[in-house]
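Please read through the structure below; I'll follow up with questions.
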Amino acid sequence: MNKVNADVQASDQVRSPSGFSILWREIVRDKVALISLILLILTCMFVYGISLFLDQGEIVKVDLFAIHEPPNDQFILGTDYGGRDVFGQLIIGTRNSLSIGILVTLISGTVGILLGLISGYFGGHIDNAAMRLVDFFMVLPTLMIVIVFVTIVSDYSIWSFSLIMSAFLWMGIARLIRSKALQERELDYVQASKTLGSSNFKIMFAQVLPNLSSIIIVTMTLNLAANIGIESGLSFLGFGFPESTPSLGTLISYARNPQTLEFRWWIWLPAAILILILMLAINNVGQALKRATDARQRRG
Amino acid sequence: MSNKLLEIKNLSTSFRIGDDYYAAVDDVTLTLNKNEVLGIVGESGSGKSALAFSIMRLHNRAKIEGSILLNDQDIVDMSAANLNKLRGDDMAMIFQDPLTALNPLMEIGEQISEALLLHNPRMTQKQRKQRVIELLNLVGIPRPEFVYEQFPHELSGGMRQRVVIAIAISNKPELLIADEPTTALDVTIQAQILDLIRKLKEEMNAGIILITHDLGVVAEMADRVAVMYAGQIVEIAEVHTLFENPLHPYTKSLLNSVPTEGQDKLHVIQGIVPSLKNLPRKGCRFASRIPWIDASVHEENPVLHEVKPGHFVRCSCHTHFYFSEESKEAEKNGIS
Amino acid sequence: MAFLEVKDLQIYFPIKGGVFNRTVGHIKAVDGVSFSLEQGKTYGLVGESGSGKSTTGRAIIGLENVTSGQILFEGKDITSMKSKTKDLRKDIQMIFQDPYSSLNPKKRVLDIIAEPLRNFEMHSKQEEKKKVQDLLELVGLSPESILKYPHQFSGGQRQRIGVARALALKPKLIIADEPVSALDVSVQAQVLNFMREIQDQLNLTYLLISHDLGIIKHMCDHIGIMYKGRYVEEGTKEEIFTKPHHIYSKRLVAAIPDINPRMREKQYRYRQEVQEEYNSSYNDYFDHEGLAYSLQSISDTHKVALPKRG
Amino acid sequence: MWKFIVRRLFVTFPQIVILSVIIFILAQMMPGDALTGLIDPNIDPAAIEEQRERLGLNNPWYVQYSDWVKGVVQGDLGQSFRYKMPVSDLIEQRMINTFWLSLLTLIFTYAMAIPLGIISGRWNDTWLDRAITGYTYIGFAAPLFITALLMVWVFGFHFGWFPTGGSVAPGLTPGTFEYFISKLQHLLLPAFSMAVITTVSTVQYLRSEIIDTKQKDFIVTARAKGAPESRVYNRHIFRNSLLPIAAFFGYEISGLIGGSIFIESIFSFPGMGQLFLDSVLLRDYSVVTSVVLIFGIAAILGALLSDIILSIVDPRIRIK
Amino acid sequence: ACSGDSDDGQSEGTDSGSDSGDSAEADDEGESDSESELYSIDDFNQIKTNEGEAIDGGTLTFGLVSDTAFEGTLNWNFYSGDPDAQILDWFDEALLTWDENYVYTNDGAATYEISEDGHVFTFTIGDNVNWHDGEPVTAEDWLFAHEVIGHPDYDGPRYGSDFTNIEGMEEYHAGEADTISGIKVIDDKTLEITYIQATPSLVTGSIWTYPLAKHIFGDMEVAEMSASPEVRENPIGFGPFKVESIVPGESVTMVKNEDYWRGEPNLDGVTVKVINPNVVVQELESGGVDTVSAFQVDQYPDNADMSNVEYLGRIDRSYSYIGFKLGTWDKENGEVVTDPEAKMADVNLRKAMWHAVDNTTVGERFYNGLRWNATTLIPPSHPEFHDDSNAGVSYDPEAAKQLLDEAGYVDVDGDNFRENPDGEELVINFASMSGGEVAEPLAQYYIQAWEQVGLNVQLLDGRLQEFNSFYDRVGQNGDDDPAVDIYSAAWGVGIDVDPRGLYGRDAIFNFSRYSSDKNDELLAAGVSEDAFELENRQKVYNEWQQFMIDEVPVFPTLYRSELVPVNNRVHNYYIGDGTNMYRYDIAVTQEEPIVAE
């Protein structure tokens, strides 16, 4: 008995607290979310993979002799009013819309997380100032600024578009992270780190941030769902991408034309359904993740 | 017989974890008489609250087996409507955390008078208010008229706990369950609250189940004490007997780990309370924490034995129990 | 020269209000507290919730801004944040109340205990691991635990990890703010025993903050009792527990439940008496704001807050 | 209470000033101006230039801005170039329409969201709840404009139940009962289309709020009092869950503003959203700046309103 | 009036991929689906065929197609937007009417005589021409309109060369004179205007023929007129209908003007309501409107068989074109400066680019033949001046290649794109306006077509330009963006054919910045006194049309048609000019519009 005996195996359900495995388990348990995730991964692989072999220039090539073809052997999803292959546009459009969604989510997420973290961690005047900034951005007329941007910026690309959209979408996550950081900084482990001589910077990023990781993953996922459709509204108002950069929004907004809406479903409906499915799938995954982070709602 | 208020027989309460049910309260049998305080002690997670909630039938997703007879009425099979008549009237409960037990958006007065309203529908508004003020006075809240219109967050912890008590006693329950009523409070306030409960007991002639992990509180309040470990009652006895002549190794260890005068080294129980999921379902559940006692002395499926009148102990391992000096040595060695 | 000396410490928190959210008043969390610690001894700080115990402790280690007063550690002024040099910071460490929240759940034990080492000392990965394992052994945990996460430990074990972390820099003074109040009695015993053991081994000085007089009595050599940010009484353990002088101290001592059920009635009566005394002599011990007076020595070691005589 | 409002307004005021500067600069950055549209060889470019000078369109933005501010301070929002009428009159006309549209949308939103959220939250994880959450997911994913277009198609043209454009039938005298009914008829479909989408977030919020509240300790207290389930829900859970929704109310305004641009343009509904879009396209600056300013103020006031509502209904942060 | 016209047509008419790609003739058979028909504007009437018996009274609903609210500046002297003009047409009219060649006739509310030298016009207003309030329309009112428009405070867009051509107008406008010396009121109903320059343009639309009711506006400040309730809420005119009520921006209800000078209108009233372009077809089908102000030709093929309407059609006074930037605008002197060094300065390059595009196919495929290949810069809407015999430049990519080869534009580095004669890379930046639905594929098509002949044309900034920035960059303020090499746009031609406003040396709207002495000469000749003689003028303009084909500063791409569906219950409806039909003739056969089957 001459042994340190205190070290007991606490429990058999030893699981890594990384959060990731909890998230993963929740998804696997939730059939809908699992199917959604598989669907998403397949879509992404398909869309990004196949678009490597597609020639965007060829797809958006106008063909006067193939205008408004309904789906047939040559054009699986028919053609649009420029005689362009809708299926090809759908693939590239999905890729572009996904890229925009991901970019916007990442950019706005990064800004939001940084500001929220700093604001929540330091609190006080910094927090006050940051929150006023958030308030202010909330009331900015997003649409107008985007419209101005579209008209004055000559390089209207996926990148610049994502940047400008991100400028108006970081506030939500900043608020969330801030409130979590405010809670987190009251926890003793943060105080402990201070007494152990860690710098604020270190504490914020090495200590606090990992503890917010699951909530960040969840919100980013849900944001991604929202951001995929973000340019469709602008396309509808006529401020979307040029047609040479197909996107789901561009395809859907063809439905603006009553003739297209009524008689030529193949142009807009697949895109509309695809965006719906994508958003639902991402949302399903996000909701499952959300349940995972909220112990009380966890299934099983 | 007529003195018997509550009779619990072979009560098991199981929670669903994953695909299986695990018993947080396992085969508990006990009785409570009128005008008696039964203390229940045990470590965190030993199933004290689960037991209390079972008696009140407040679990929403637990499987309850066995019988709970309150005045010979079985609560386990009771319909929701009948249960609602009992709750808050014949039996009432004081909760552990006064900070969260009150509705933050409801006036104090309203929360107390709700309990009255539910069981005395014929009382007029005015009568109710009067009774609430009386109750607030009774639990020692100064300026009750003023507090009546306050909200929970405007009161201190001690005050809130008094409000919770006022709610519990509003209909003069025969059975009062107090689940760690003072854990969240300062010593001085704890003393006041305990005084209050004692006073109320005398006034109401109620049976009280007092759940706590503070042995001092039990020593001051209880007539009889039940010690719980891992969902089971391991020892029940009259309070003096238990404190002076504890039998179960767990009870002994508990008593020994309280800092008392002249004690240089406190006793330590090795290991930790096993979690619900990996409870040994067979054999003495405390066995793993006294490794120096030979396994053979533990019973296969221990039951409560009445060793003396009114003194019950589970598992006969207590007859072989001694505090392990070796283990203390081991700890020292570990350090050096 | 005292080991640690706190002189007339005041810590105020602003109350914001008014149209412009200006500071309209102050919470006097700590209001003129003075005491000193001897090396190798344990000093207990008791008082009811909100009396300023934690704030005092946190001010010493530098988690709270000091409004006025002085904190001297081995004769050096460490009152302001800036004056806390690296070495000084190493000398004072803290054990936190909640073993669950004081360890970062996302970090492995190795990272948790190595955090101070990484901040103050340069070690190779190997050295660092060795040091951490040594520390784990010191607190009675198996060295293999370094790759585990905090939630894989019980409360008592976690508290030991917290202590190991505090010990990593070989501090001289440890501030223990309610180190066991979140733990079960049996686990409490484990931690308290262990704290005493390492104190002897490493010649540590403790500032033990608790509202559990049982623990204070068990652990401390000197005790200070706080009430609403002020000291009401200070003395050795014996003085405080056997001859409490201030009415508040008496009340506090009387409120401790007795573990012996036979003493029940006696204890109850004693408490009643103290309560009566408290009610009748309240004005003798507290000023018009309900605050304690400043301390007067009644013996070498025993001081009580009483109105100035004469 | 008043102190609180005053303080908020003090914070708000600079926000509005900065907002106005930003939109003014932005308006100036846009290519073209109100006169760009007059591409007509019969119109003398010199005459246009003359007008431009007269309207001050050639001044640097800060001069125009200060002129504009001078006007605004005197309650004069300027003159719409396109409509040849004071912006304030124009906005007044449009604002009334948008106000009713928003109000009806809000009513629809809450009339749908509260029952759905309550059902979904109370009986969570039942098939009914799944159906409702399914709807919220789809509503979340479906672009507003597609929903609205389909609504017009189905209910406007296919069934012919509702008028599909404008705010009132032509030729009716304001003030008469027919006028009122006609107005209402014209509002129903756009308001409903928008509400179908705006409901979603409220339902989701309410649902999780109820699920959250269900687990609170004070609910156990209520049950322990002997309160039947119905009372537990009605008096405790719903009441506590609806409060945050009440506070949400003010923030809805920002959402309504964004949505109105789509809805009004699809339903040819002459409101602020349509006015905004037209004015941007036609560079009617005085209107653009005024509309955006009003949007901004509405959003700010909405946020303020939310804070105030919350501080009134929630005793924990009640401000005396 | 001419106006910048965004290419707002949409392409809906489909042609399925017929056999080979180069056939200019449409192929009606093959794998084509039902919508592949080709149409011709010649098959449409300008006047509605009447079926059934008209009833007395009834009201007509006129759909004003617009995605914005109408401005509500309901007076000819102040309006600026087309929607307002559409409304004005119903209740107010010009004093002079014109025939199908846009020459003023004498069967309007007023008649005119021209002096020998062509400088002095004498107008006589009919005796029974009265304002809606019963006051007579007087010469004084006509003068007043001129005085208001010429007033320095006037805030409408009308003041321009038509007015400065009146004697004494500039002095009056500058504030140097209190009256306009060139306008004399002879008596109540007679007005005399003296013009500085006598040109044939005067009788084709260069006279201001809209009086302003002085008894109403007389006491008003000029600056306040356009915003006054008399313009916005209770507008007045002397047309066949009177405004009864207005829902701002949405609808106008009108009742008949029993006192109308031509006689009592057949209809009891007219309702004009704004309808969104997206719902035009549905409104027509459901009888929500009887007719509309505009109907996009690309919607026609899908709805050609709508049972309850008849389509009226005519040739539109507009054409699309592609312009080449050949110089800049000199703001100082207000004239075009042509730069012989410009990127597009080589006429062969320009002509090759014309050869390279197949406008016939574009018209057939995108517009089902309702837009068609344009040959010259005077569209067939002006039959007197459009040179039918001139075939323009035909689609001939081989010729294009040859021209380029000869001009030295050859591919030297093997990237399939030609370099310029100096061997430098040639990238041509193409500005095209967004707005029209088909705009983008159309621009794309042109780029592809040019690529076929080896020219590297890139869309400016890689996308279409929004209306305002397009015109800004093309140079409507005189600041030409050097990044633009070529651009595509459209012009609406005024009722006066005179092209000086678009191609003159001093026209800021001469966006190509082309100028030459010969051009100046021809344009001047077109409006000289000689040109009063129709044949002379025709000769000059035929020569000019050919000259522009040779020089190619711009080349026309498509001519356009206008279609208007009208409910079958409507009688006597007409579109265009010179039909000898008037709005008071319009009648209906039943109370409610006929609904589509």
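A few notes on this one:
As written, the chains take the letters A, B, C, D and E, and residue 1 is the first residue of each chain.
In the analysis below, contacts are C-beta pairs under 8 Å (C-beta built on N, C-alpha and C of every residue); 3 or more make two chains touch, one makes a residue touch a chain.
Quantities reported herein were computed from a predicted structural model and do not represent experimental measurements.
Shared contact partners of chain A and chain B comprise C, D. Averaging Cα atoms per chain gives one point for each, and the point farthest from that of chain B is the centre of E.
Using mean Cα coordinates as chain centres, the one most removed from chain C is E.
Across the structure, the highest number of inter-chain C-beta contacts is found for D-E. Between the CA-based centres of chain C and chain E the separation comes to 89 Å, rounded to the whole angstrom.
The distance from the centre of chain A to the centre of chain E, with each centre set as the mean of the Cα atoms, comes to 47 Å. Averaged Cα coordinates give chain B a centre that lies 54 Å from the centre of chain D. With centres defined as mean CA coordinates, chain E is found 91 Å away from chain B. For chain E, residues touching at least two other chains, in rising order: 278-279, 282, 466, 468-469. Chain B has residues 272, 331, 334 in contact with two or more other chains. Within chain C, the positions touching two or more other chains are listed as 137, 140, 154, 156, 190. By the touch rule above, chain A contacts chain D in their complex via residues 132, 135-136, 138-145, 147-148, 151-152, 225-226, 229, 232-233, 236-237, 252-253, 255-256, 261-262, 272, 275-276, 279-280, 283-284, 287, 296-297.
Within the complex formed with chain A, the residues of chain C that make contact are 58, 61-63, 86, 89-90, 92-94, 96-98, 101-107, 115-116, 119-120, 137, 140-142, 145, 148-154, 156-157, 160, 162, 165, 169, 190. Of all residues in chain D, only 30-33, 36-48, 51, 54, 79, 82-86, 93, 149, 152, 156-157, 160, 164-173, 265-268, 270, 274-275, 278, 281-283 touch chain E in the complex they form.
The residues of chain D lying in touch with chain A in their complex are 11, 15, 18-19, 22-23, 26-27, 29-31, 137-138, 140-146, 149, 153, 211, 215, 254, 258, 261-262, 265, 276-277, 280, 288, 292, 295-296, 299-300, 303.
Those residues of chain A whose C-beta lies close enough to touch chain E in the complex are 60-70, 81-84, 150-152, 154-156, 238, 241-244, 256-259, 263.
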